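You will see two complexes here that share subunit A, one where it goes with subunit B and one where it goes with subunit C.
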Partner chain A sequence: MATDTIMTKPGLLAHAGGYKAMALVALVTILSLGLLANDTRWIYLLVYLWFGVAYGVFLQYGRFCMASAVRDLFAIKVPRMAVGVMIATALFSVTAGLVTISGYSVFHPHPLGWHIIAGGLIFGFGMIFTGGCASGSLYKTGEGNMGSMLVLLSISFSMALFADLGSWSNNLAPASWATSALEKGMPESLTVTDGWFDLFTAGYVWNQSGGTVADMVGTGNIWVDVFVGNVLLTAILPILVILVILYMTTYRKGYIRRNKLETLGFGDEMRGIWGMITTSKNTAIAGLGLGVFAGLQMWATGALREHYEIFNFGELLIKMGYTEGLSIQETVFDPGYWYITTQEAQLGGWVMSLFGRDVTDNIFFGLQNGIPNPLINAPLLMSVGIIVGASILALSRREFKWKVPNMETATFAIVGGALMGIGARLGMGCNVGAFFAAVTNGDLTGWIFLAGMLIGGLLGVKAFNMWLNRKTAGDEFDI
Partner chain B sequence: MLGKIIKGTTMFLGNLFHWKDEDTTAHRHHSVTRVNESVELPGHGLVQIGCRVECESEGCPRPQLLTLKALNEVDRGVVVEVVTDNLSVVETMPSMMDIYEGVHLGTLQVKDNWCIYVRREI
Partner chain C sequence: MAIKFDKVSDGHFQLDVCGYVCPHPQMYTKKALQKLESGDELVLVFDNPSSGESIIAMCETEGNDIFERDEGNGSTTWKIRKG
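And then the complex of A and B:
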């Protein structure tokens, strides 16, 4: 059986895309050098930007997309992307473990509660319609997909609006949240009892606790705690179970048919599982790269914080004379690791503030993240870096193409993107921050978010299929 | 590049205000057609194509679902050509044939599109 893939891959300089890719690299390099010439402390921001570029390259190379993983699994029963994502998660857990042991981990576990699964469900439902998860939409934008660009805009503004819900939404929150929120003693400028999301944050989320499995193992030996708790128990063992389930439910039947096997021994089953894994080779390679670079980013940011004696980029911005857009704690959003959605919410909030809307009276922007100018918003530049990195690789591989969405795709992008934004804020992150970064750092809420995302994805696929069947009902197959 | 962005934005706004793009609708109605053509595929020589699924500008999973539908409709041994500009489809199709009863013969890049060749086996 032949399964050749014949795609023309000319040398980098044999086509215009190669020159454009090199021009992009040169542009980002020159801008980076210019910033460093201005003040070497911009290195903190440039670390985000260049890690973003690396993520973009790997995401585009492996077509790394959680929406594809869930959709392919439920719609056409192909586990390729899901397997790739699982392998990436396993590999990242090892590098994250090493970073934790080195003492440079900047990861904070998420509070555990119903909001995680609810957020995952809404996010998962929305991403089926947009055709891309948070990271997938970024790399697809880098490939010239304007529909994905719409998704990003929709996510940005839906999150900003959701975080800044007005008084009308107060009645949707239980009275106990308002009581609990008042007990937190927040500054009056924040109006924590005004707006559903503020009530949800101060009155509910802050009452929940979280932790890592390494903390639970607690032997006192950091190597044992991290590698047994965070890496083995939280990531690798569940991933092995998931791979076996994926093999048994999707891949095995075709494997038996293709190899004309009648009875399967243990060796045959292992070869089958290995065959399933190797069909996800590109995604797995991308996962390896993402895992290594995500770990390196945590290490680099941690080392820079130690060097500049800061806990947050906001402190460095103040030292450099930039005070606008900081939170009342004089901080900005600065996760120190691969994260996607909060910085996009900041962009939405910053644009809204340009139009005169005060978004700093809520906890999300006012207390926690601020709304810095996008040009000095380090995590936002990481997202820009992802787009640029994906563009560089897509151009160099002749895979860049401007794609204009039709009305149906645009509507799905806007509505699905809005749902993804709401889900991301409820679940405290997207497929990257709430799942990928969480699971790999020993935070079990990541699996809960994934469970919600799978349920939402399954419902989304069913709804999408209904829509597709309705749309194609009148189509005649001329065959 | 700026010109392409402006053109793209204009096309999008045109779609927005006219709601329905006639060309796109027409394209969708003729996305799966019987053909009698041949193509030179490295490793396979001259291959006769019996059916073409045109999915340019279509997002996932529509191209995959249309391909499965086409494979169900054609006779055993017939080669189906799937035309797409969606890289996810290009990547997914070989794996999809591993699961379903078909064979992925190869993929050719033709300008901005990819032509994927799959054959019904059973």
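And then the complex of A and C:
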């Protein structure tokens, strides 16, 4: 594999890119030390930042991208990334299980409803056109891809605008949502019956419930509940089934031809499946790293919350004298684990507020997440960390290259990114928050989001192919 | 920065997808290879590393041989023989 060749080249850092990578590490380290010298409580924010850096390194190493996984599977029948993502998911489920048993899990299951599959579908359709999922676009930005940065901006603002839809959108919501929203007794400042997304949240989502499979198993023995319910039943068994399906439908044909096999025994089939898994080695290694670090992040944030006797970073910010941009509950978005899109929506909302738009009268910003200054928005710094981490590895592997999108790619980035943003808000997360973090913590809504993403991805590939066929019908491909 | 697909001589083709990122390079490569006859050679020039890994896997599955690889300055050139 080309990647292996690059990784084993001598003098990984003894070149211009390597020096830039080292300078980047030094810069983030110095900034971190400066913050700690100012107030040691910034450690809470720095945990997010540095875990982000680690995620960025692993994402770039494994080119971990759900858009690639779905698109390559449907468009060119290549299962490599899909297999890698499945391996990563299985491994993360084990570390997440250990964190849950240790009592430091900060995971909250998502409410179950039609919105999960609808969100996944819109998100999946959009990501085919942008060429990257939410986490993929972050690491590709770190490789110097300005088109991916455009995707991130489009996701950020589409989410903020969607969460802040005005009165004109009220009629698009069923009347029952308004009745139900009013019954929640929310403060008047939130105007919960004004704006589609508020009506959707208070009048529909809050009426749904969710839970983990460990809760359903409910034997009272936490080891059995977590490892049978969350790890085995929710993650590992479905993943094994998916791997077999991927092998049978995509990899097996080429495996038989390459090895000139005529009849296949059980051993041949097992070797075939193992061969498929090992072709995804880099993604699987990245998955192992992501799984371990994602588990460690939950543990570290849980321990810091216990140490500072807080439930949310907002409380710590107030103690440190920062009161602007908090929600009316005096909280900020602070999931405590790997998440991508909500903090990007906060960035969009914060920028809109700079231009005089009051976004705090809606539930998403005003009640739940706040719009803190990006410099003290801990999860947003995790996303910045992902970009930095990916840059560090891309520079050291000589893979960093500034790429400016052409008009076609830029249009796809903006339109696809907007769809991803809308899908992420409907589905309450992206490929990371709504799928990866959910499935690995025993929340079945993650599989439903993935099902939506697959349907959307399939439709996206069909639409993309139609575009490609139309484009190549001219002289360009007419040979 | 348009995609260039040219016939260099009989059985020899060139596809340049420099400047394009996922999903374009792998999808154009698939489309170009579909136009070739078995035994024809395609010189593929691209600069998006992650597409390269998808193209390797695609060629392995479809039985096409990447017989020469040149990691140049900022772009990659591969020669692929259609199986």
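Note that in this section the second predicted complex is superposed on the first by the 463 of 479 C-alpha atoms of A that agree within 3 Å, B and C clash if a C-alpha of one lies under 4 Å from a C-alpha of the other, contacts with A are read in each partner's own complex, and residues count from 1 in each chain.
Keep in mind that, in the parts below, a contact is a pair of C-beta atoms (placed from the backbone, for glycine too) under 8 Å apart; a residue touches a chain by one contact, two chains touch by 3 or more.
Keep in mind that what you see is a predicted model, and the values were worked out from it rather than measured.
By the touch criterion stated above, A:F162 is placed in contact with neither subunit B nor subunit C. In the superposed pair of complexes, A:R71 makes contact with subunit B and with subunit C alike.
In the superposition on chain A, A:K253 makes contact with both subunit B and subunit C. When both complexes are overlaid on chain A, the residue A:M146 reaches subunit B alone and has no touch with subunit C. By the document's definition of touching, neither partner reaches A:F293: not subunit B, not subunit C.
In the superposed model, A:A410 lies in contact with subunit B only, and not with subunit C.
When both complexes are overlaid on chain A, the residue A:Y44 reaches neither subunit B nor subunit C. On subunit A, the surface touched by subunit B in one complex and the surface touched by subunit C in the other have residues 1-3, 5-6, 63, 65, 68, 71-72, 75-81, 131, 147, 250-251, 253-254, 257-258, 279, 399, 401, 403, 405-406, 409, 464-465, 468, 476-477, 479 in common.
Every residue of subunit A that touches subunit B in the complex is listed here, in rising order: 1-8, 20, 63, 65, 68, 71-72, 75-81, 131, 143, 146-147, 250-251, 253-255, 257-258, 279-280, 282, 398-399, 401-407, 409-410, 464-465, 468, 471, 474-479.
Every residue of subunit A that touches subunit C in the complex is listed here, in rising order: 1-3, 5-6, 63, 65, 67-68, 71-72, 75-81, 128, 131-132, 140, 145, 147-148, 250-251, 253-254, 257-258, 279, 399, 401, 403, 405-406, 409, 464-465, 468, 472, 476-477, 479. On the subunit C side of its complex with subunit A, the touching residues are 1-7, 13, 19-24, 26-28, 30-32, 35, 47, 49-50, 52-54, 56-58, 60-63, 69, 71, 74, 76. Taken in their complex, subunit B has these residues touching subunit A: 1, 4-5, 8, 11-12, 15-16, 19-21, 24, 28-34, 41-44, 50-51, 57, 59-62, 64-65, 68-70, 73-74, 85, 87-88, 90-92, 94-101, 103-109, 112, 114.
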